[in-house]
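Chain IDs A, B, C and D follow the sequence of writing; residue 1 opens each chain.
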Amino acid sequence: MKKLINSAESAVDDALAGMAAAHPSLRIRDRVVYRASGPRAGKVGLVSGGGSGHEPLHAGFVGYGMLDAACPGEVFTSPVPDQIVEATTAVDGGAGVLHIVKNYTGDVLNFEMAAELCEDVQVAGVLVDDDVAVQDSLYTAGRRGTGATLFVEKIAGALAEEGAPLAEVASVAGEVNARSRSFGIALTSCTTPAAGKPTFDLPDTQVELGIGIHGEPGRIRAPMASARELTEIAMDAIDRDLPLEGDLLVLLNGMGGTPLMELYVAFAEVAAFIRGKGARMARSLVGNYVTSLDMQGFSVTICRLDDTLTRLWDAPVETPGLRWGR
Amino acid sequence: MKKLINSAESAVDDALAGMAAAHPSLRIRDRVVYRASGPRAGKVGLVSGGGSGHEPLHAGFVGYGMLDAACPGEVFTSPVPDQIVEATTAVDGGAGVLHIVKNYTGDVLNFEMAAELCEDVQVAGVLVDDDVAVQDSLYTAGRRGTGATLFVEKIAGALAEEGAPLAEVASVAGEVNARSRSFGIALTSCTTPAAGKPTFDLPDTQVELGIGIHGEPGRIRAPMASARELTEIAMDAIDRDLPLEGDLLVLLNGMGGTPLMELYVAFAEVAAFIRGKGARMARSLVGNYVTSLDMQGFSVTICRLDDTLTRLWDAPVETPGLRWGR
Amino acid sequence: MGGSPDHETGGGFMDLGTLTTAFFVAWLEEIAEQVRVHRERLTALDAAIGDADHGANLDRGFTEVLKALADSPPTAPGQVLVSAGTTLIRRVGGASGPLYGSAFRAMGNAVEPPVTQAGFAAAFEAGVVAVERLGKAAPGDKTMVDALAPASLALALAVRDGVGVREAFELAARAAEEGARATIPMQARKGRASYLGERSIGHEDPGAASSALIVACLVTVSSRR
Amino acid sequence: MGGSPDHETGGGFMDLGTLTTAFFVAWLEEIAEQVRVHRERLTALDAAIGDADHGANLDRGFTEVLKALADSPPTAPGQVLVSAGTTLIRRVGGASGPLYGSAFRAMGNAVEPPVTQAGFAAAFEAGVVAVERLGKAAPGDKTMVDALAPASLALALAVRDGVGVREAFELAARAAEEGARATIPMQARKGRASYLGERSIGHEDPGAASSALIVACLVTVSSRR
């Protein structure tokens, strides 16, 4: 398997150097990606982070209307507390900082440790756990955080930009998460630079259902099927957990290696499914947003909107990965 | 090889249905993608088109500040004259229409035939032929059109939006093309839905240098190398043809299957190369814009800017694939 | 011109030694059939030096050709060919759509019923000239012209030499087949394959291969009666 | 606490039957060495039920641990362990970084020179408790705890039974190894592997495997003197 890198060891830092060169709106230092404009006094700061390999998540969502800083770890490995402490301290504009944490043991532990160390900053946290493929029971680490992270970052970011206090920003973040569900399907494995070979072998006749975003195998294997059948599996799983009603925000997310053309094919099926349920696709995004390196496949994330969330979703955003209204 | 489709035959139409569902700003009819807002009286219309499988090119660039209509053909197959005639007639706001045509025999022939049939519309054409991998000689079909198409569509689109007449819009389009050069490298082949298997076999130890955007093999095979060495090959090829000086607009384009993280790694090397030449990277884009289905690899496209081109590049644009300033 | 009805009354392929409307319809049916059978091979040839769509393009195109012919049944040879050409232009896209489309249209516009052997040879040449003109291609460029031009020459020579229809088609098919095979050592100067430079050497041109197939169908159909 | 210097004067691993600073440094060196040797295996285990980074994570971490120890040479066993734990927390990330980091820090904070066998066993237990507390994990959850807890018990029993250091480490290593192997039939309830549900059954937990490796290094180092 070929990778467009200089070495597995330097890949994350090299990519960050590229990001810095590509986006003058970002400032990157010690593995933390900041807005070049710096913290704004009185605005709640938003910090997220996680393993690398999910680009544009999270660093690509740093900018006006979304994050103030992102902490990229090694590929698929949570960042370390130092990065998070550094980011949190730097972006605090006096109104406190919200940590947006995807529910993975590693992310949770490292953000928790960091939060404890940020003694001079008021820190609140929101845990994103939207993946219905994982049973939320005493017998798991709980549901994973996947596509809803983008929704949380966008909507909480918009509210923070309006000047809302930390408690409110944290509360809307939690609400977005509570109203969001995801399900992912892999057609191929991904290959991490360090491992250099696919994480799992998947024959041409099979797919993995219920995957996360770290190249983990899914809950079960199933026969390869049409876009219609595959999206139906995803949509049914979501609908069983959170009935599709009212105005929906829909993310049809590519895992990194699936052509946009195919994502649109799947999206047409998602739209038809939603119409069939009598719900309304009020807002949508199609593309590679929360990825797993070169994995082929997709995930669907759906959030049940209300007027406030719709307004905040529509608010201007200016980041490398998501931009409108400015 | 697995494809997220319902059938190879329906893939293009299914994808267009998905585009329509995803983007209320577009109207799609008879395989032509229009701005939903319709033609603007007095504005020069911009029509482009080409085979499908290059998404977001072209349909994803329909909208304010870029194209008025796009004509998607079958996968890697130019559209037919009927589509182009239909599009041209529909978007004419009385000021004439510019055809933006990538230099491939099929695209050229079909656009030529269409232009002849558009008797009531004033049609001008610009041929995009930026790929330095192809020798421009009597013994080839001339250079291919690749990444510069995006620059031409964006910059000519901005000028058209300002109300410039057809001759001026055509002239700036030609100028952008004349000032732009590209070079592409494939790490893997792509797989078309119809063929169902990779177009070419490429061992893990080799890359294809000088590829186009249709999954064609490149000019030569070379040993797999680091991101630094591969980008240097691309940059050298461009620099030999059009010395890198002054303000540059740089597109580091993914071929569809390469993770964004790796594109940033390559972009860091591109930026370093440009610095080394004493030129200035004034504007840049990193991402999957002119793709070859699921191919892994990248291309670099560079345009030597002047003040006018920079201003037009910076002008607002609002399309599914490129958006800023609104 | 292709619009006027021919002499034939029944469904036969030949009428007093001339080619009937039914013959031309059968030719296109046979092409559609053979293109489908050889679809993978044509695509594989195009994968080697092009973009792996030639089989799919022609399959789609000739399927549509048959549909159009069924929708409005032609009453003259010229109508068959013009309809086919128009459908190819309207439905195929790519390089081969306009090229084959123009060839069939030119042929259709050139045939004058009753279509004698000499009339067919002249129409075929008109088709080849249309491709050469539109594609700005000459023999040796490694394109469909390398199969079509020798076939056209063979048809003309057969007329000169007084060879019968069936044998003339066989000679043309052989010439086309040899012409297609002769593209293998050539370096492409037109179309997508030209991008490959020297790497195009060693592969048969997909368009030349499909042209040989199309000419071969003349033999199959003319053997039927 | 770990800060006060130990009794030792030379570079020996044991001093009047107690474990010296040099012993702990050698332990970490051996761990770094073994993690590198077993990097691919650990990553392969993690690929099966996790995200294929455990080998890389620990390799990166313990390499940094050695660097930090070289940069500011510790003068007491506690310092060695606290430094190692802090480095792991600061450099590894993921789940294993905080977990192993906290374990080593807890151990370091618990050892009191002179580090007797009983002192070591108690410190080791403190490390295990730190993992269990932070990870909210218990034996049977298919985590590193399944290797660490039995090792800790073996160390405690060895103290009770008056078994010598070397033999105690061997017992602990065997217990850890068996504990790691016992994770194979378990269904994961913590960490990434828990997402797999029943599919996690049949694979050894990568963290349990690395824990067994870490305990085994005690044997190797103690055999050296």
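Following the convention adopted for this analysis, a contact is a pair of C-beta atoms (placed from the backbone, for glycine too) under 8 Å apart; a residue touches a chain by one contact, two chains touch by 3 or more.
Being a predicted model, the structure only gives us computed values, none of them experimental.
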item: Graph distance between chain A and chain C, where chains that touch are linked; value: 2
item: Taking each chain's C-alpha mean as its centre, the one farthest from chain B; value: D
item: Cα-centroid distance, chain C relative to chain D, in whole angstrom; value: 76
item: Cα-centroid distance, chain B relative to chain C, in whole angstrom; value: 33
item: For chain B paired with chain D, centre-to-centre distance based on mean C-alpha positions, whole Å; value: 55
item: Set of chain B residues in contact with two or more other chains; value: 75
item: Category of the chain touch graph - line, ring, star, complete, other; value: line
item: Full enumeration of touching chain pairs; value: A-B, A-D, B-C
item: Of all residues in chain D, those that touch chain A in their complex; value: 43, 47-53, 55-57, 60, 89-99, 134-135, 187, 189-192, 194-197, 199
item: Chain A - residues contacting chain D, complex; value: 8, 51, 73-82, 104-106, 109-110, 113, 133-135, 138-141, 144, 192, 194-195, 199-200, 212, 214-217, 219-220
item: Chain A-facing residues of chain B, complex; value: 1-7, 11-12, 14-19, 21-22, 52-53, 55-56, 60, 75, 187-188, 204, 207, 224, 226-228, 230, 252, 256-271, 281, 284-286, 288, 291, 293-294, 296-298, 318, 323-326
